[in-house]
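Two complexes are shown next, each including chain A; its partner changes from chain B in the first to chain C in the second.
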Partner chain A sequence: MTAIPILKERESQIYQKGTQPFQMKCGKHSLAGSVSQRACVFCGSRVVLYPIADALHLIHGPIGCAAYTWDIRGALSSGPELHRLSFSTDLQEKDVIFGGEKKLYHALSELIDIHQPKAAFIYSTCIVGIIGDDVEAVCKKVSKEKGIDVLPVHSEGFKGTKKDGYKAACDALFKLVGQGSTEGISPYSINILGEFNIGGEAWIIKDYYRRMGVEVVSTMTGDGRVDDVRRSHGAVLNVVQCSGAMTFLAEMMKEKYGIPYIRVSYFGLEDMSKALYDVAAHFSDKPEIMEKTKEIVREEISHIYPELQKIKAAVQGKKAAIYVGGAFKAFSLIKALRYLGMDVVLAGSQTGNDTDYETLRDMCDDGTVIVDDANPLELSKYIIEKKADLFIGGVKERPIAYKMGIGFCDHNHERKTPLAGYSGMLNFAKEVYLTVSSPVWKFAPARQLSVNSDQLLTDFNPRPNTEHRTLNT
Partner chain B sequence: MNNLAIKKEEYTATKNACKLCTPLGASLVFKGIRGAVPLLHGSQGCSTYIRRYLISHYKEPIDIACSNFAEETAIFGGGANLKIALENIRRQYDPELVGIATTCLSETIGDDVPMFIREYKDMCEGQELPPIVHISTPSYQGTHMQGFHGAVRALVEGVAEKREQDGRINLFPGMVSPADLRHLKEIMKDFGIPFTMLPDYSDTLDGPLWTEYQRIPPGGTPVEEIRAAGSALGSIEFGSVLAMEKESAGRSLFKKFAVPCHSMGLPIGVDETDRFFNTLSSVSGKPIPAKYQEERGRLLDSYVDGHKYVIEARAVVYGEEDLVASLVQFLKEIGVIPVLCASGGRSGHLQKIIAEMIPDDEQKNIRILENADFTDIESMAEELKADLIIGHSKGYTMSRRLNIPLIRIGFPVHDRVGGARIHHIGYRGTQELFDRIANTLIEARQNASSAGYTYM
Partner chain C sequence: MLLKHTTSEIKERSALTVNPAKTCQPIGAMYASLGIHGCLPHSHGSQGCYAYHRSALTRHYKEPVMAATSAFTEGASVFGGQANLLQAIDNMFTVYNPDIIAVHTTCLSETIGDDIPQIVKKAEADGKIPEGKYVIHANTPSYVGSHVTGFSNMCKSMVDYFSESNGHKSKTINLIPGYVEPSDMEEIRRIASEMKLKTIMFPDTSGVLNGPMTGRFKMYPDGGVTIDQLKQTGSGMGTVAMGRLASMAAARALDNKCKVPCEIIDLPIGLHGTDAFIDTLRHIAGVNVPDSLTFERGQMVDIISDMHQYFYGKRVGLVGDPDQLLALTKFLVSLDMHPVYIVTGTPAGKKYEKALREVVKDVPGEVKISVPGDMYLFHQWIKQEPVDLLIGNSYVKYIAKDDDIPYVRYGFPILDRVGHSYFPTVGYKGGMRLLEKILDALLDRQDRDATDINMELVM
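Entry: the complex of A and B
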């Protein structure tokens, strides 16, 4: 086997449990010349704001940044779909020389006239920071003329990492918070933060809360609406989904409006149930909520339990590798995979921090490799060495797995299937099962010896009802 | 003719772009060189987005390194980062060539990349370095096609040498699919002509499963063959818009090494493919292999069998300018009217080329749209009552909304498998296109008929 070299500078970002003292470095800027799987500040901002469906999203810069993010995610809307369009000022050479403000002004005004959005987000990309456009001033001017909020998002790609992009997005959102009336909001109310309605996930989650008797004031930002964000300060509790992207906003809302927040995750039975219980516990003055919650959890789990058990029997003992954007997602995935009886042999993230990696270390078994900001060569090295049967990641990781004859499950924002909630867990399990048990692996040269596909062919066939429930509230 | 091209207003936004950015094209070319690693000089996002975009189409691992600008880099210049990047690439990939393309950021801050490369070479004195080829690709100066053609030119200018003439022919195929590239290689082999085809990502971007992980996927044009390009019998360069540009790889080889350059459109359709085969035959002095005469015969036979299904169908065509021009030539051959010919490119040549192909374009009310985005294309497609849309998968939204069938060709095809295997060129590629067009129109008629005939 060709040895895959690991760059010396990268060694401190890779840890193998049980073999060395834990001294992982993270939060570093990606090493020049390594092929990082990370994106940029702009990408972070887009992740957070993209699903707001009645806002205009204009990307100020040359065409690429907009073209590559056109309709890129599976974030669904129950109404307007402005977020699925790609708008760019498409700067040309003369704009770079003479400045792009004029073009920004005209483009923005025109787009607002055509689409009548509730608000507009203007994303600055790399060169805008260099050519010195006063984006703020243009936004103010247009905002005044058109009478809507026009919010600059400082997302120049090179000015930090994806996390700084999350923060820039939260800053922009925070400007909307507090503008609307909070009249009529129930004392048992929450905002859902960090849930982007991929494949309709926010609808699934919102339905649980509705059944619990908890009002959801706004979902940030899945199936998001500007007016909901405006009145979100009327909620009693912020429930922040794990991604870490929106803790910034929760902090700001706590400081200014005194709204407490809790962190949750909606992936996997364990974390999903904990999320609902934690919210119910917050409203302990109304015990019916907890009663209801228990009922819902019981009902939902009993609904999917038999199928999950069949899948578990089929995938038990298989080895999985996880490489995702945020470390929190990795935690939930590890638990979910364990539930299915699978072993995690590699766990990594693009943007985890010190505590995240400590948590990961504590969760993982001996021998598990933990990586920060990995590149394709490292990922391939470890999935091969650790004989993974399944890789969980995003589009960029998929071909690495496939080339080596390893199953793959997309757990990124680009997927179209909801994996959150109880029905989402079933979808996840089915996807894991389907990819791991495909008969095609027996033709994969790298796996020919290690896979005995017959052993996977049980009479269980989840195909007929792969269709997911999308609950539109 | 002038009233036909609708110029876009100066200050409007681009809505759903019908073009990509320059370094994407350059990266694609570098992926087609054996043992090469593309390196984007700029910040992380551009390379990650470009990788993701390419991977979603080719469904292959695509490593593109990046010099990863941080805030200080943008202030003090990217020299140090570029050198570290080169060093790390050499250590991790042991490449046979490194292809550097700039991004908007490094261009805007005015990085002198050739100087950085010289400095790096000085630093490495005494070590054996792979060729380092550089192309300047600010996106505000063009589209992915400028990046593509520019990278091909940079490669021959940086690597080709004058040697003893060895009877080879250079092929510059332009941005075609891996299936097309494979077909071209087959043709050259059947002719028995030695050749340099640049780029050749037929294996690197459409390869088999692996037994062990490949740091750089096998395949691609060997650097040695690019060297030999300076001593070829002649060059054949596809792209009718490219032919009108001031510079190209083929022309550069002519200027520098007096290698004659034959420019032509992409060989789609009988006429353009004839032209290609005849040129190959006359430059090499070898006869056209019988196999291709047979393919041509079958193609003509199918034209006749299907002519009534396709005649006067109204098609919207969009994509890269070179591709659009050649498709129009082919559609004309079978009697389909390309009612709208659109591209996000803005070379300024497309209109003239199409007017030459279809002299009565005005009577036929054919619209030609340069610098177009999908909002322009969609509104015009609706107005023109098209029967058919031919282009890459980003036209799906419009196809769905207008309820006009889309025939997916070119790049990208993000919503189907097999994008890399779509075959467009030669008699055989044309055959596939023709059958798809005819069948799509037949299917539309069949679906629309209340009787649901099983014979058509």
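Entry: the complex of A and C
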């Protein structure tokens, strides 16, 4: 290990396979003073509920929370676009002193009159938890007056981690579930959970299910509609993607409505196919579904296979570092990168749990570094040490990768092209190829391969041409 | 139609902001802090705040943005954030080794009433602040003002903590550039150095948020005002503060604390704005304007004269931050353009609105101004009577697309283009760039809409 210091308290959240006994500590609250890449409870709730396009999303708090989450996530809608507007009670000092309930009441009433939404979600922010507004009571009152569901989301930022925000969002959604009629829903039907239609991914997945002969009752929450959520309890199976976000809802639906759920990932050929097969296997009393599924998988893979092979030849042996929100995504990414012949040298997540990290350890090769809730220094340290060629992460990681002169692929909400499904795998491969083999990295001054803390923290002396990275080496 | 939910009928809204034209104080404080060399901004609040600020600044600058957080928990919000901040200070100096930590508060820590100076004193007493290192703070409650207020508060803190008079006046002029881009700060410095002046500018984010690609990740880039320089501001011969909302508080504080006289002027945007800036420098330092700047000015006037017929009478809608809007509106009026809708989300006050009204008093027809307003209202005005040109941040592109109006990106945030961090819009050079952008937008539209018969080569 090099001399870039790691906080002592952080040591238990970093593991290098093959060097130590495995004892990861995760689900820890981030250390005060660390430059963590994580966010808050509100953020968790907001990302889960945001794609429901015909609902009103009102953020009760000072302006920031609404401003920073205004249309930053490309969750596409095929109809209404109400979710892309930013609504805030914009609390002022006097509201903080005298309470914001009145303001919330008026804001809600006005908005419902103007936009006639199908339902309204009211997000509580930090300050609301402190000044003690009775958001629940206001919601009830407005709900009665306007005759629509007004659902409080208990997402005060400090009350836990992003995961608790997922839970708060699921609690709010669960209040809608069971309200609609389940008439006419096929006995071969599912809900898609944890798919947010970034870049239109939900549409790709839905199309596979349609072709299999499986009805999708609701997608939660990508391109989501309130009425679909209301009748989602009529589905026979819940298919849950994204480990952290919506398992809570699946659990609640299982308990109350007896709907079983399976966990899937739509990313990479292996996991994508497994998802479809698992759903088909659930409907074993109708073997046509499995037949059809096999056909779809064959057809889709043969369609993209030749091009994937070409890309594979070009990126084989390159090294990748992964740092994503949920651990489940990391599993799929590792498999997909392996399929392309690449090595994963670093794998980490913001919100993984014990089982997740055990799975990660089992999947990874010796020497792979596994991190929970990493900071930029740690990430850059391992990128240098492990000589990564590619970094897969989110918005805050992108410029770090670029500054270091390596390729980057956004597997978070800033991706522009769909990466799910078979066509998504090809998109992903193309993106990886494009960035890893880009000639622009030749412009980069030599990447420092040996580092110590002083250099990294303070000084930089370019060493022209000595270790110029070219893609042929 | 992305904004199909915008109605043209305007209903009075009593308690609601839709599509904000502002954001909250802490991000402004974080941006200002990044303009100190070797500084790690610290957000005393929940983890989400700083994650959002870092993301927003990262998207705008396409640069790594470093900051830390007190990562409030439920316990901290009940018992106060002292333990978190103490631990944070210790951790930051141990691992990230900054020269200085600039703490800003959030709505959460403000409301529970954490006393930051007292906590910092405790950290000092406990030996958590290494020799020669500093912790400063600014109170930035999110429910007061806007991001501009937060920027202003942090600038004032720099004075409160560091400025000291050494008894005699130096020949240095302090420049407070306002909440502008790194490129603008660089240009302001360049203009002063063309005049052979010795200056200290604070904050200074050039070289921090528009740095080069080096092949290495650098926690503390080369740019930023140093602590030594900040100390010397107290002995300066004068201060030029640009933009009342963003810079006046710091300039006044410096005057009160160290008796450094200050001139508060508009941002040096446009011909008159830049003239006033250069003239102010000339007066304070008693120097002549060098030929090089007169030459640049002449070039700018040349573009204006060459193309004046395209500016004439164009209706413009602007949304942005108050200091920018005031200077920009003056510039547009001087070009014979008609700024007709002006919105800022920042509650800039009656005096500000009056100043803005004064600038547009000769613009024919009704000029609608909303201080503070939001982009929903702005869009409603446009739906009622359209404009020829829109100027505003990236969110304005929805309005531009929906209502098919030429559009110049300007302000914060710009999430979908590059350039703002490298090319200034202040000074004569910046003015030329603005002219180019405005003309491009207008003339591209004319070309696009021209019939084959009317298509003109020479314009």
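Convention: the second predicted complex is superposed on the first by the 441 of 473 C-alpha atoms of A that agree within 3 Å, B and C clash if a C-alpha of one lies under 4 Å from a C-alpha of the other, contacts with A are read in each partner's own complex, and residues count from 1 in each chain.
In the analysis below, a residue touches a chain if its C-beta (ideal position, glycine included) is under 8 Å from a C-beta of that chain, and two chains touch if they have at least 3 such contacts.
Quick caveat: nothing in here was measured; it's all calculated off a predicted structure.
Q: Please tell me, clash or fit, for chain B and chain C sharing chain A in the overlay.
A: They clash.
Q: Classify the contacts of A:K403 with the two partner chains as first (chain B alone), second (chain C alone), both, or neither.
A: Touch status of A:K403: both partners.
Q: Quick check on the superposed pair: does A:E81 touch chain B, chain C, both, or neither? Answer first, second, both or neither.
A: Second partner only, chain C.
Q: With both complexes overlaid on chain A, does A:L377 touch chain B (first), chain C (second), both or neither?
A: A:L377 sits against chain B and chain C alike.
Q: Applying the touch criterion given at the start, work out whether A:S12 contacts chain B, chain C, both or neither, answering first, second, both or neither.
A: In the superposed model, A:S12 contacts neither chain B nor chain C.
Q: Classify the contacts of A:Q309 with the two partner chains as first (chain B alone), second (chain C alone), both, or neither.
A: neither
Q: Where does A:D95 make contact in the superposed view: on chain B (first), on chain C (second), on both, or on neither?
A: both
Q: Do any residues of chain A touch both chain B and chain C, and if so, which are they?
A: Correct list for chain A: 5, 7, 9, 29-43, 61-71, 85-93, 95-96, 102-103, 105-107, 110-111, 126-127, 129-131, 157-160, 376-377, 380, 395-396, 398-400, 402-405, 443-446.
Q: Which of the residues in chain B end up touching chain A in this complex?
A: Residues of chain B touching chain A: 10-17, 19-21, 23-24, 39, 42-53, 55-56, 59-71, 73-74, 81-82, 84-89, 91-92, 103-105, 108-109, 138-141, 143, 209-215, 394, 397.
Q: Tell me, which parts of chain A touch chain C in their complex?
A: Where chain A meets chain C, its residues are 5-7, 9, 29-43, 61-72, 80-82, 84-93, 95-96, 102-107, 110-111, 113-115, 125-127, 129-131, 157-161, 376-377, 380, 395-396, 398-400, 402-405, 443-448, 456-458, 460, 462.
Q: Which residues, counting only chain C, touch chain A once they are in their complex?
A: 1-5, 7, 11, 13-20, 22-24, 26-27, 40, 42, 45-49, 51-56, 58-59, 61-74, 76-77, 84-85, 87-92, 94-97, 106-108, 111-112, 141-144, 146, 213-220, 345, 376, 395
Q: What part of chain A is in contact with chain B in the complex they form?
A: That would be residues 1-2, 4-5, 7, 9, 29-43, 58, 61-71, 85-93, 95-96, 102-103, 105-108, 110-111, 126-127, 129-131, 157-160, 375-377, 380-381, 384, 395-396, 398-400, 402-405, 443-446 of chain A.
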